[in-house]
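Next up: some structures, all given as structure tokens.
Okay, so chain A shows up in both of these, paired with chain B first and chain C after.
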Partner chain A sequence: MSAPRVHTGKFFMHGDYACAEGALAAGCDFFAGYPITPSTEIAEHLSYRMPQIGGTFIQMEDELASIAAIIGASAAGARSMTATSGPGLSLMMENLGLAVMLETPCVIIDIQRGSPSTGLPTMAGQSDVMQAQWGSHGDYEIVAYAPSSPQEIFDLTVLAFNVADRFRTPVILLGDEVIGHMMERVVIPNEDEIMHWERKRPKSPPGNNGNYKAFLPDDDDLVPPMAHAGEGYRVHFTGLTHDEQGYPAMDADTHHKLVTRLIDKIRSNADQIIRTEEYFLDDAEIVVISYGCTARSARRAVREAREQGIKVGMLRLISIWPFPEQMIKALGEQANAFIVAEMNLGQIRREVERFVSQPVIGVHHAGGAMIPPEPILKEIVNCQLKTGEKPWPKVMILRSD
Partner chain B sequence: MRTEIRISGFGGQGVGLAGNIVGKAISIYDGREAVMTQAYGPEARGGASSANIVASERSIDYPFVQNPDILIALSQEAYTKFRPDAKPDALILIDDGLVHPFEDDQPYGIPATHLAEELGRRIVTNMVMLGFFTAVTKAVSREAMEEAIKSSVKEKFIELNLNAFETGFNYVKEKTS
Partner chain C sequence: MPQATVVESHPLDQIIRSDRMPHIWCPGCGIGIAMRCYAAAILESGIPVENHIVVSGIGCTGRVAGYMYLDSYHSTHGRAIPFATGVKLANPDLMVTVFSGDGDLAAIGGNHLIHAARRNIDIKVVCVNNFNYGMTGGQVGPTTPYTAKGTTAPYGNPEQPFNLPSLVGASGANYVSRWTTLHVRQLKQDILASFTRPGFSFIEVLSPCPIGFGKSNNIPDGLDEMELYRQRCVLIDNGEVDLDVLSIDLREDKPIYIGEFVARDRPIFQCVQVDR
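What follows is the complex of A and B.
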């Protein structure tokens, strides 16, 4: 049984299936995972599609093994992926740090549900945002994208693979149950129109070992070229602090140099990684910041407030990490107030507060139900009424209905 | 304009496929926007299940159906559960062989299950209802629905499903009261 790798066409498609199709279109040929609601349909669809294109699908014994398998497959040259939800992401945290340390590209899909712990398996959440950045021990920078539609799950899954390969880093797709389980139009382009950034590869052939160092960047993007297992290069992989050859080097200077390079590798290339959407921001005095499914409600709230004559706009975070701090700072030059709408109790609101001096008002919900447009619109109207009033009261909405 | 459509029934009546076909017809073949959501979890197992579609001329922000403009009920339990959420003046379509409406309600009725049985396969009850829905509500074009059916069912069942759709489409539309 065979079928095309890229399912070109126009479909009314489930978000999780769009993710699976995005992975295949991006060239993913290795999936290892442990099914968990609400990401299960990704594994389900890939279990059917991977054999069609000669790829590998493995249902692992758990999430620890799942991420270990995709790191190994990546080291051997595959574009590899796993898919999970909050509880599984927690179990993947140790090896997420290993992927950062070994600079092995891989994609981790997290379709978020109500958390902490087992939480609300079948209902939406957006509360893994901070875990994505800080869940593994140590200092590092992660890349994370947050889709707002099935089309964007497809597009951002493709982007995630390319960013992972280009910068030798794990990339997390922070989806949510609403987007993962909704059906909407998805347009899949022709195979030759799918973006493709190459993994950097050694310039000298194997066998000439003095010339290739697996952890030595060869230009100022700080990304070392990557040899693949089995090609004949002598490469040593360890989670211990290592030198440019990959051998353990237990000293403070090497450690500081390595960890700062891993962070700078992402920060200095942030302009190639960050994606945002601006909506009515040009003359906005009130700026709404939102992402994922919540951004759909925020968009309607902004549109309805505009119809009332309120100068409000939205910055939609398509990428969440690295955080677009320069953009937020620039908006601080024009805005009187910020509103952050998110299905958690203030994870991105606190980030925004770090970069602006204006009041930052949260519209929050712990998860289980998508935030509708009304409470966001209500806060926009409140902001408008309070303009000029000091001191600004900080409003935190905890909806209990 | 935003139109909210809920298709409801009990498990096995093909509510999910029916929703999928309506969403596909609108968003792929009619050139408008559509989003479909379904209930997941224990509430979706047995009992009254539903497929929910939001249709609009422009991109859809909030994707959930709150107060349906159009409600299809293929079972009594689904009607009793979902009728109160629908707008008072919503278009209500029922299988009037199975559903007894509230006294003050005036739904459009079709014996969809019975008509499907006459076609030889009760499994196409959902297609009979979709034909009726298309003729009564005009929420989506007949051509788009037929294209969506053709691309959603196995090839050997296309004819049966299109026949069922046509049966429902041509059913004399009369309000039961």
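What follows is the complex of A and C.
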């Protein structure tokens, strides 16, 4: 049995499989996970594929163990990943903070389902968006991507590994059941066309005279080079507040310095991390913001509204965190109204409201079924009718249809 | 009156982060003794120092990772074993030791402990059992004897404790033993032996915690507890032992069995490989 790491070719492929193939293409060589719908196919496919490329697949006893294992593997130099859904993501939260604090790159795939609690295991949701950013205790900045198609789940999984390694940070892929379980055309490029950003590594060899410090950034990107277990640098990694050498330092100044660097490391490199798609935005007076599976419906609604002559466009969030606030502020200079379509009850709508003064209308559903184009189109038409009326009544519509 | 002698260096300095001294442990605590045995075993192991990795969870014992001059990882409460599992599988050439407390390994991390033993993954666990949660101030935990007192059991512990060697042995570990902080030579030898035996190894080290456990259970001084060990420990030297008799209650005048309880060669966990 022999198979390539990168399965170059054109396929009609399942989203979860595309995610697994994206991970392999990106150089992932360590997977630890615990089965949970609708992400299980990722683990199943990797249990078959990892041995073919000489990588490690291990099914752990729970999600607490899964994330701990991928952080440990990363500390030993692996490109590591786990895959889960809401209940498992909740269990991972403490160690997500550990990965932030240890600056161990790793990728966490969350194929979202209807939540909270056990919710709707086999049906889609987009309601882990805020948890991804705020779920672990403390201040931190996370990176999260939201694919809208099986092709994009492949592409963004590759990107997730690269961003994780480049910035020494955990990256979350916020997929959803619709995309995870969808079959669609996926094109896997040649191996040499796959993006590859390196993990920064120590420049000096190990030894007492080397002045390598595992948590000291070596240039203004704020990313410290990373030494791996077994290389001889004899590093210390702790989730306690630590100094540049990694040693525990129980004082407020060190704590403030460390936590702000970890946040600034992501914010100041946001231009390399953020990805968005603009659709008919040039002259748009109404801006629809959407992501993941819902963006598919939003695109159709925008196209139909354009056919009716309405000046509407869409900003699709490919990355959700860090939030593209500059871009949203800039759109606030041109638009009369914003519509946010998402399969939750207003998580990103509230975020958009923070950056614009125009009305932000939500098209929301708690999850379980994709939001179809019609309610989005209806709100676009409503907005169009209201243009000119001042002051604009600030309405928010919760839809159950 | 004898004068204290201050020495410039110590043979273990090469393996201990002496720049981190003084350590946080209380006078009379046994953790430092157990760590010293580990440090000595590393130096004698013949395995290059850079191949030794230590992973700890959270607790007084969890601080060991911060004092060993190795690639050292202080993870989260309960998760040292799965963290170490990741390190080991990512680089199987490494000798990965988990050094942590009884609460960390058997309460919050209990599920990982039994599953790692079942899997028989090739990591070495040194569990310092001081019969309580020392770090958080003497609360009862999964090893606290029935009716013993703790800061969350002022009327006595209403729960039965785990017998750790029995638990880990039944779960499938290749190697299970128990020593105390009085048995420093045996402990060091045993840690050394565990380095050479593939599979999951679990070494329980009974250790005084005069602050957390002792003071509320009439063993107010570390030395008092060492004296109890001296009087009551019974060595199992033929490996044949009924795991049921291994439970411990320091307050009762019963034998405390120590020694090697399980030594076998079940298949160890290995990553699935296919011919390529």
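List of remarks:
Convention: the second predicted complex is superposed on the first by the 397 of 401 C-alpha atoms of A that agree within 3 Å, B and C clash if a C-alpha of one lies under 4 Å from a C-alpha of the other, contacts with A are read in each partner's own complex, and residues count from 1 in each chain.
Here is the rule we use: a residue touches a chain if its C-beta (ideal position, glycine included) is under 8 Å from a C-beta of that chain, and two chains touch if they have at least 3 such contacts.
Bear in mind that the values here come from a model prediction, so they are computed numbers and not experimental data.
Partners chain B and chain C, brought together by superposition on chain A, fit side by side with no clash.
Taking the C-alpha centre of chain A as the vertex, the lines to the centres of chain B and chain C open to an angle of 110 degrees, rounded to the nearest 10. When the shared chain is aligned, chain B comes close enough to touch A:Met123, but chain C does not. Of the two partner chains placed around the shared chain by superposition, chain C is the only one that A:Glu61 touches, whereas chain B remains out of contact. In the superposed model, A:Arg185 makes contact with chain B only, not with chain C. In the superposition on chain A, contact is made by A:Phe30 with chain C only, not with chain B.
When the shared chain is aligned, chain B comes close enough to touch A:Arg300, but chain C does not. Of the two partner chains, chain C is the only one that A:Gly72 touches; chain B does not reach it. Within the superposed three-chain model, A:Phe12 lies in touch with chain B and out of touch with chain C [touch as defined at top].
Set against each other, chain B and chain C differ in how many residues of chain A they touch, and the higher count belongs to C.
Following the chain A superposition, chain B and chain C show a smallest Cα-Cα distance of 21 angstrom. Taken together, the chain B residues at the contact with chain A in this complex read 20, 23-24, 27-28, 33-38, 40-41, 60-64. Contact residues of chain A toward chain C in the complex are 1-2, 29-30, 32, 47, 50-54, 56-58, 60-62, 64-66, 68-78, 80, 94-95, 98, 102, 206, 227-240, 247-248. Across the complex, chain B is touched by residues 10-12, 37-38, 121-123, 177-178, 181-185, 293, 296-297, 299-300, 303, 370, 372-373 of chain A. Interface of chain C with chain A (complex): residues 17, 20, 49-51, 53, 55, 65-66, 69-76, 78-79, 81-91, 93-94, 111-112, 115, 271-276.
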